[in-house]
Amino acid sequence: MGGRSSEEPFSIQSISKVLSLTLALGTIGDSIWEHVGRHPSSNAFNSLIEHELQHSKPRNPFINAGALRIADLLSGRFVQMEMAVVNLASTLCSNPTVTYDLEVATSELKSASRNRSAAYLMQSFGQLDNPVEQVIEAYCKQCAIKMSCIDLAKTALFYATNNEHLLKKPTSLSSLQTRQINTLMLTCGNYESSGEIAYRIGLPSKSGVGGGIMAVVPGHAGVCVWSPGLDRSGVSVAGLNALEFLIQKTM
Amino acid sequence: MGGRSSEEPFSIQSISKVLSLTLALGTIGDSIWEHVGRHPSSNAFNSLIEHELQHSKPRNPFINAGALRIADLLSGRFVQMEMAVVNLASTLCSNPTVTYDLEVATSELKSASRNRSAAYLMQSFGQLDNPVEQVIEAYCKQCAIKMSCIDLAKTALFYATNNEHLLKKPTSLSSLQTRQINTLMLTCGNYESSGEIAYRIGLPSKSGVGGGIMAVVPGHAGVCVWSPGLDRSGVSVAGLNALEFLIQKTM
Amino acid sequence: MGGRSSEEPFSIQSISKVLSLTLALGTIGDSIWEHVGRHPSSNAFNSLIEHELQHSKPRNPFINAGALRIADLLSGRFVQMEMAVVNLASTLCSNPTVTYDLEVATSELKSASRNRSAAYLMQSFGQLDNPVEQVIEAYCKQCAIKMSCIDLAKTALFYATNNEHLLKKPTSLSSLQTRQINTLMLTCGNYESSGEIAYRIGLPSKSGVGGGIMAVVPGHAGVCVWSPGLDRSGVSVAGLNALEFLIQKTM
Amino acid sequence: MGGRSSEEPFSIQSISKVLSLTLALGTIGDSIWEHVGRHPSSNAFNSLIEHELQHSKPRNPFINAGALRIADLLSGRFVQMEMAVVNLASTLCSNPTVTYDLEVATSELKSASRNRSAAYLMQSFGQLDNPVEQVIEAYCKQCAIKMSCIDLAKTALFYATNNEHLLKKPTSLSSLQTRQINTLMLTCGNYESSGEIAYRIGLPSKSGVGGGIMAVVPGHAGVCVWSPGLDRSGVSVAGLNALEFLIQKTM
């Protein structure tokens, strides 16, 4: 019997950063790059060092500091930014039952010391518009969104096909912007393993510490793998192997 | 009219770190060094970089992260660690009117983002025993202690003369420990200017962003200068020049 | 009169790193990754910091330390590795007149302090098989290879089409390896601007301080632009704008 | 039987940096500080990181980069700077037989990759007046000077007593400069252990990887201990313990 079902929802964690970036690009627009950079980060996903050295802005929207800033920017646009992310997810995968797990969010809120440290650092640089606790709470809820492999594969398909007609006002994304999100996933989507994984699988992808990896085959397909065992950089071991196998067999 | 009086109390700010270190060494003992290092810091006084790279513990008790950890350790020993620091200050300068300025403490509590960032970073490493806000509040009150130049010169005299009989149980310090505090002031007492200032004046000293500098002439005298204009590293410009002049004339 | 010709040879400089990587992958194989990493570098192209922090190996084959190591590895395989790179370039662009400019190489050899520093650092880590001066000389000659825009566009076409039949033994490259070289160009091809440029143009590309940029349109085309005016990161300003314009008009 | 004699000469290695600094201060004067800093270094003794980050100048004269720069400056003043250092050593310890060990110097010259890396880095910043190999050779000879414990204890006495009359023109040192050299030994004299050792023994001291430690008791005495077993930072283990024991018994 058993095994996990491709329809079983799991915590998408950092994969939600792709959604919040999409929402921010679609509603606020390219001006978000005044607040967040587009450089690969060579340090661990939650490192403060590069941010402190940079001083000006988080290196990219997929390190925690950058995702916190995106959540902060979206909090100036939506009363509950996490619900706006949930709605975007629902739209992209055509599944109205997507939601976040309050229990997971509450639990992570209690152990968010590292993220609070990053948020207060940004606040000390004058880079946070909203109170730290409000941003941390929204961010924890966003990370606690639950989706299944099928949901995320459908979502990936959106990025694969530049389907700009799927999104309705006020959210809308040009095909150029979609391609740019793909490039960011390729260069920054997997913490400090981004370069290594880009080399191995050669596809835009985004992993989460829940064990999921969403991958985009531009022009062709969306893929999602899920297996909770993580390597030291926080990427699913079996998931990555499966992706690599799939690519060797098909490309 | 005219000029500041040597009896006018001012905010001692980081000079209080010498007092809290003394209190910690005198009540908790040498085991504090399991939690705080004794290395000079080459970065700015509030840098998180070295701490993050070290991971194990703050570099020394005079950078903010180290002083926060000392305040944390003392909070496990005293219900109100800031009052214990006030009492030590009173004893060392024989002035029972020493206290902290609640208004200053409250104001600094509001803008303590950087220190909160450091405290949450330590908490994420499992290096903080008490809640962040409690430690930050105690620390801000400790920094808001007001003392005059005469008060601090008398305090410096304690460190100059290894007067171990001045302190009564439960606080007591060996002459070796007093000498060691002097060495720490010499090597780490003035933020990233510590090396430069050690070279220029050659004496243990501790500066605060309130404009005060307390200096120790081992075996001979205690000195305090005060002038609010600060250089880029946060050290009183006129104060440092006065100290240098004094040394050239007398040593 | 007038304007530069697309047939005018110029100094390809760092673009040669793609050629030497190709040669190393084709002759030595995947074992080169035991000696050079595949991580994007967030510091300047000639930074020693990351290498020293890493200690184990240069971050990627497109930073100078990595390219020096590749030249070192190839020097163990070819008596004159620079001539082997010249021959590969000739093959890829079907132009038997490709060669390097001895005068340029000699001049750069004199001002190669930074590269010598990197090479001696590697030697001190036991990471260099051949004498420093031998490696530096081969590397300077490799960088002094002269090719025209047409030559480099044809070369780019090889990477665009995975044309594995073009190379004959002993050099041969699988289509997977070719795709991997493309990914490295995308993630690391333009010094510390790699992430920014990947975002803007979304194509594998490699720039050189001679003002050339070679770009790959996977499955479709090879492109080369050349204009000597460089931005602070060492990338051709006009060349990059031209590439961006081309992409906006065609994709 | 035996044990080592206090009259047995050993390789003073980095202790020679105190001598070369003294010579530079005495002959070139305070202008050397335009080329070398006076900041404690928190990284290992041969780290390039801080130097690269600083860019302007080596952090202090006791890290290798700083000592190389001092050797370079002295090479502009003396045909054979190493012989000038030998002569200074002879004068300070009243022993005309002091010299350097050519075999040791030649051997270290062969394995000086790390120092060559530092020297070429400085050259790339335009911070070296003489050719790299000339500076490295002079530096290796300077480090190969052999002195006994008695020689170095006498030398330390010079720094303890500010004996400005000992030196004759053209070398002369004010008592202020002597005190400043002592402060530098205290803050930077023992690589990355400087802070820790300053705390433990509270005296200016300088260690070398030959196992010697020269220590200064200001106003009172000069001390030298020697034992080849080194800790991870390159400081003699038994020597440091002996010094600590001596201090506890006498101060």
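A, B, C and D label the chains in the order they appear, each numbered from 1.
To be clear about the criterion, a residue touches a chain if its C-beta (ideal position, glycine included) is under 8 Å from a C-beta of that chain, and two chains touch if they have at least 3 such contacts.
Remember, it's a predicted structure, so these values are computed and weren't measured experimentally.
K.L.:
What is the shortest path, in steps, from chain B to chain C when you may only step between chains that touch?
P.N.:
Minimal hop count between chain B and chain C: 2.
K.L.:
Taking mean CA positions as centres, which chain lies farthest from chain B?
P.N.:
C
K.L.:
CA centre of chain B versus CA centre of chain D: separation in Å?
P.N.:
A distance of 32 Å separates the two centres.
K.L.:
Could you tell me the distance, in whole angstrom, between the mean C-alpha positions of chain C and chain D?
P.N.:
Computed from C-alpha means, the inter-chain centre distance equals 43 Å.
K.L.:
So which bits of chain B are touching at least two other chains?
P.N.:
In chain B, no residue touches at least two other chains, as defined above.
K.L.:
Between which chains does touch occur?
P.N.:
A-B, A-C, B-D, C-D
K.L.:
Show me the residue ranges of chain B that touch chain D in the complex, using the header's touch definition.
P.N.:
Chain B residues touching chain D: 37-42, 50, 59-60, 176, 179-180, 182-184, 186-188, 192, 194-196, 198-199, 202, 248, 251.
K.L.:
Can you check the complex and tell me which residues of chain D touch chain C?
P.N.:
47-49, 52-53, 113-114, 116-121, 123-124, 132
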